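Listed next: structures, encoded as structure tokens.
You will see two complexes here that share subunit A, one where it goes with subunit B and one where it goes with subunit C.
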Partner chain A sequence: MDRDTIWAVIVGQIREVVPELADRPIAETESMAELGLDSIERSEIIMNTLEAIGLDLPMVQVHGPKNLGELADLLHAKRHA
Partner chain B sequence: MPSATPDIVFTGIGVACGLGYGKANLIDGLLAGRDVFSTLQRPGRQAPDGVAPFLGIEMADPPSLLTARVERTAGFGARVAMAVVDEAWREAGLDAVAPERIGLVVGGSNLFSREQALLARDYAGRPNFVPPRAGHAYLDSEIGGLLASTLAIRGFTLGVGAASASGAVAVMQAAEAIRSGRVDSCIALGALQDVSTMDLLGMRALGALGAPRFADRPGQACRPFDRDHDGFIFGESCAALVLRRADQAGAGYGALVGAAQVADGQRGPEPDGAGQRRAIAQALAQAGLRPGDVDYVNAHATSTPKGDEVEADTLAASGLGHAWVNATKSVIGHGLAAAGAIEVAALLLQMRAGRLHPTRNLDHPIAPPLRHVIGTAQPHQARVALKTSFGFGGIDTALVIRGAS
Partner chain C sequence: MGVAAGIEALNVYGGAASLDVRRLCVHRGLDMPRFDNLLMREKTVALPFEDPVTFAVNAAKPLVDALSPDERGRIEMVVTCTESGIDFGKSLSTYIHHYLGLAGNCRLFEIKQACYSGTAGLQMAVNFILSGTSPGAKALVICTDLSRFALADAAAIQEWAYSEPSSGAGAVAMLVSDTPHVLRIDPGAYGNHGFEVMDTCRPGPDTEAGDADLSLMAYLDCCERAFKDYSRRVDGADFRDSFAYLSFHTPFGGMVKGAHRHLMRKLYKAKPDDIEADFARRLSPSLTFGQRVGNTAGGSVYLGLAGLLESVDLAAPCRVGLFSYGSGCCSEFFSGVVTPEGQSRLRTQGIGAQLDRRHALSLDEYEDLLKGAQVIRFGQKDAAIAPDTIPAAWAAYQGQGRLALEGMVGYHRQYRFV
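Right, the complex of A and B next:
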């Protein structure tokens, strides 16, 4: 699974959880907090993404990214570890 | 200056049941004695293969009142609660009341068991992906949380569990919160009891659920006070009542002039006449009224043989044989947590309409004789009405309501 696919999954999950963002461009430099997502929404998006890309990891292993691009990088690395 | 012990009046009503959303659907359907009974179909609530289907009534989906972002996270019962509270809120004009002076009492417990069963089913093989919101939304406080995060309720939210008397107890607690000065306006919600297959199987095993005799005729299965009753029939429902101080809000639909709740010492479903009579006597005493002053009784009347028999004895022994009696469950089924609240709504709407709805399927009334409304709606301008609500666990309640003159 390439990084572009993982990025598309992340964006899709964000728009699933917050339908109001459907038409808003989402940049890799933005964070979920900057998009106005609360902590429960952030967790749901990450869990949904993990499941969608077939990664069964403890949430603590995906803490750390400062923005969505870094999250995509991390998930891509985990997926191919 | 507001008086120290204000009259408490009902000024807003919101309802949902198998007759539809809104007061007009409820009163019209009740007075017409509409038959909306069928077989329960909702996922997580259907009878397993090889087991007799569950009869009952299910409601339409609620109107969409939340943002898409919130709506996708709100369960069925929470969205229905939003719909009925919105209706009652608007009618009562609560936008004009200071949020800190508005309270909310949610009547009912174990309100999401059907959705819990679906969650257990859906995540059985992938436990690490249970949605985070499941960690708080399984609590009954979810209803109060959703409502207060959407509407300007900042006095307090509170849940009360009293089985099938929960709606009535919510009304009592709401009135108490106003009387004590804690708030000026309080919403009493009889929450939707979103029963699961397991809940229904348990109640069937208990012998409480009707149907064996009328399994192929759902419309005839719910027959409170009738010789051929054989158990209650579930009906999805939910109701919100706004209670306010009369000195701030006027006469509204009527005033809650007496209310009592007693423990009768039973653990399970067994009705207890002594407890029921005590609740009625206490509520009337609080109202400063005698049994002869009551001219209409909206009975608990679930259609279970023992329950109906004990309540009929209670009403006769309490000196209420002269009063008109009807059973709202014969039209909308038994809403469990919601029953007491939606039946108070039915009572108030009938008072305003000057007509009482018939008890459906009451072909052969059991003894002792009561003044049942049978066949068609009865013109009657009720002045003082009694509402009985009883719950598993030995809970007996009685509310006395004086109509707005």
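Right, the complex of A and C next:
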């Protein structure tokens, strides 16, 4: 699974969890907090993304990225580890 | 089946004053467009004449007073479970034991592991009963926690901001014995998960620091893995079918809802509508009191148990699944059986009515309390407390036989029933 696909999954999950963001462009330099998502929504998006890309690992292992681009990088690296 | 063990009687003390959490969030300028999803309403705020000892004694006294002198004499262990300690050496249990007038042949100590402390204490007491080393003995387990972190300075307020809306105060007292009317623990039915993580901590007496995302992730990981450890020990355990009701440690309701969703997706690939219906039926009753007092740390999973017993229709004995999590971190999933008889006993404590009587703080009153001018600090040697900082709250507090903190003399806390 390439990084672009993982990025598309992340964006799709954000829009599924918070439908208000359907038409808002989402940039890799933005964080979920900057999109106005609360901690519950942030964890749900990560949980759903892991499931969608077939990664089963502890949530704490994907903590740390400062923005969505870094999250995509990390998930891509984990997916190919 | 061998000796039964578990909670004979349980009471909650939810403090003397409360604050509307939505108003606090607006006041702090927090942008929470979907605030309702967080399932928060009010939180208890500790007043200057309250501390972890007064909360604990106020929760436990009705349970102890209801015992005969012979029964009271069988309380052979007082375990205080807290992350709000007042001394590095002397345990809270020594003060609590004194003000409850208990006998001297008693183990007195304090347990810490963030919000997991209550379960550590309960399991220690249950295993004392199950061991049979002192047949007929009882143990008193008291979870007591409060937060007043903004006292230190402006930086402390900043550190605390992530959890200020959810941080509450409260105590849960549990009498543990071989006549477990309120919750009969399933012996040997438990699962643990723990690992080192810096998600939230209390690095000083008046500060708390943390990372909301990391804490939530650790909680979710623990919930899944502690349950899996439970099912490894318990043949045929099924998260969806084995438990009529559930109570989870509740930093705030939205977090419990997130953990439930996480488990239902991981274990069953359940669909959103089914998850929502299951949450409403099995978990939302446990939020009854938590939504009113905020996060009570060590006691919150038992506050949840009290809330569900207060609010559900129980026609027959049924099994409850409990999940306890403490940052840092350690967690446990375990279970027990509740009965209609235990439910009637719990309801006689009038917990909801007591919460209704709390003084509703204005934001100005709350801000004044945060400055902490009237509050005894950790390590203070001598002090006297003016109890009437908020006159209406002090007036309402008196006349009910509750314990109040009066001051310090040579580090020794002085209390009085008022």
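Details
Everything below uses one rule, namely that the second predicted complex is superposed on the first by the 81 of 81 C-alpha atoms of A that agree within 3 Å, B and C clash if a C-alpha of one lies under 4 Å from a C-alpha of the other, contacts with A are read in each partner's own complex, and residues count from 1 in each chain.
In the analysis below, a contact is a pair of C-beta atoms (placed from the backbone, for glycine too) under 8 Å apart; a residue touches a chain by one contact, two chains touch by 3 or more.
These numbers were taken from a predicted model, which means no experiment stands behind them.
In the superposed model, A:S43 lies in contact with both subunit B and subunit C.
Residue contacts after overlaying the shared chain place A:E34 against neither subunit B nor subunit C.
Of the two partner chains, subunit B and subunit C are each touched by A:E51. Of the two partner chains, subunit B is the only one touched by A:P19; subunit C is not. Looking at the shared chain after the overlay, A:H63 reaches subunit C, while subunit B stays out of its contact range.
Looking at the superposed arrangement, the partner reaching more residues of subunit A, out of subunit B and subunit C, is C.
Of the two partner chains placed by the overlay, neither subunit B nor subunit C lies in contact with A:D4. Annotation: subunit A residues 18, 20, 40, 43-44, 47, 51, 58 touch subunit B in one complex and subunit C in the other.
Chain contact summary for the complex, subunit A toward subunit B: residues 17-20, 40, 43-44, 47-48, 50-51, 56, 58. For subunit A in complex with subunit C, the touching residues are 18, 20, 36, 38-44, 46-47, 51, 58-60, 62-63. Touching subunit A in their complex are the following residues of subunit B: 67-69, 72, 126, 128-129, 131-133.
Remark: subunit C residues 31-34, 37-38, 197, 211-214, 216-218, 220-221, 254-255, 257-258, 261-262, 265 touch subunit A in the complex.
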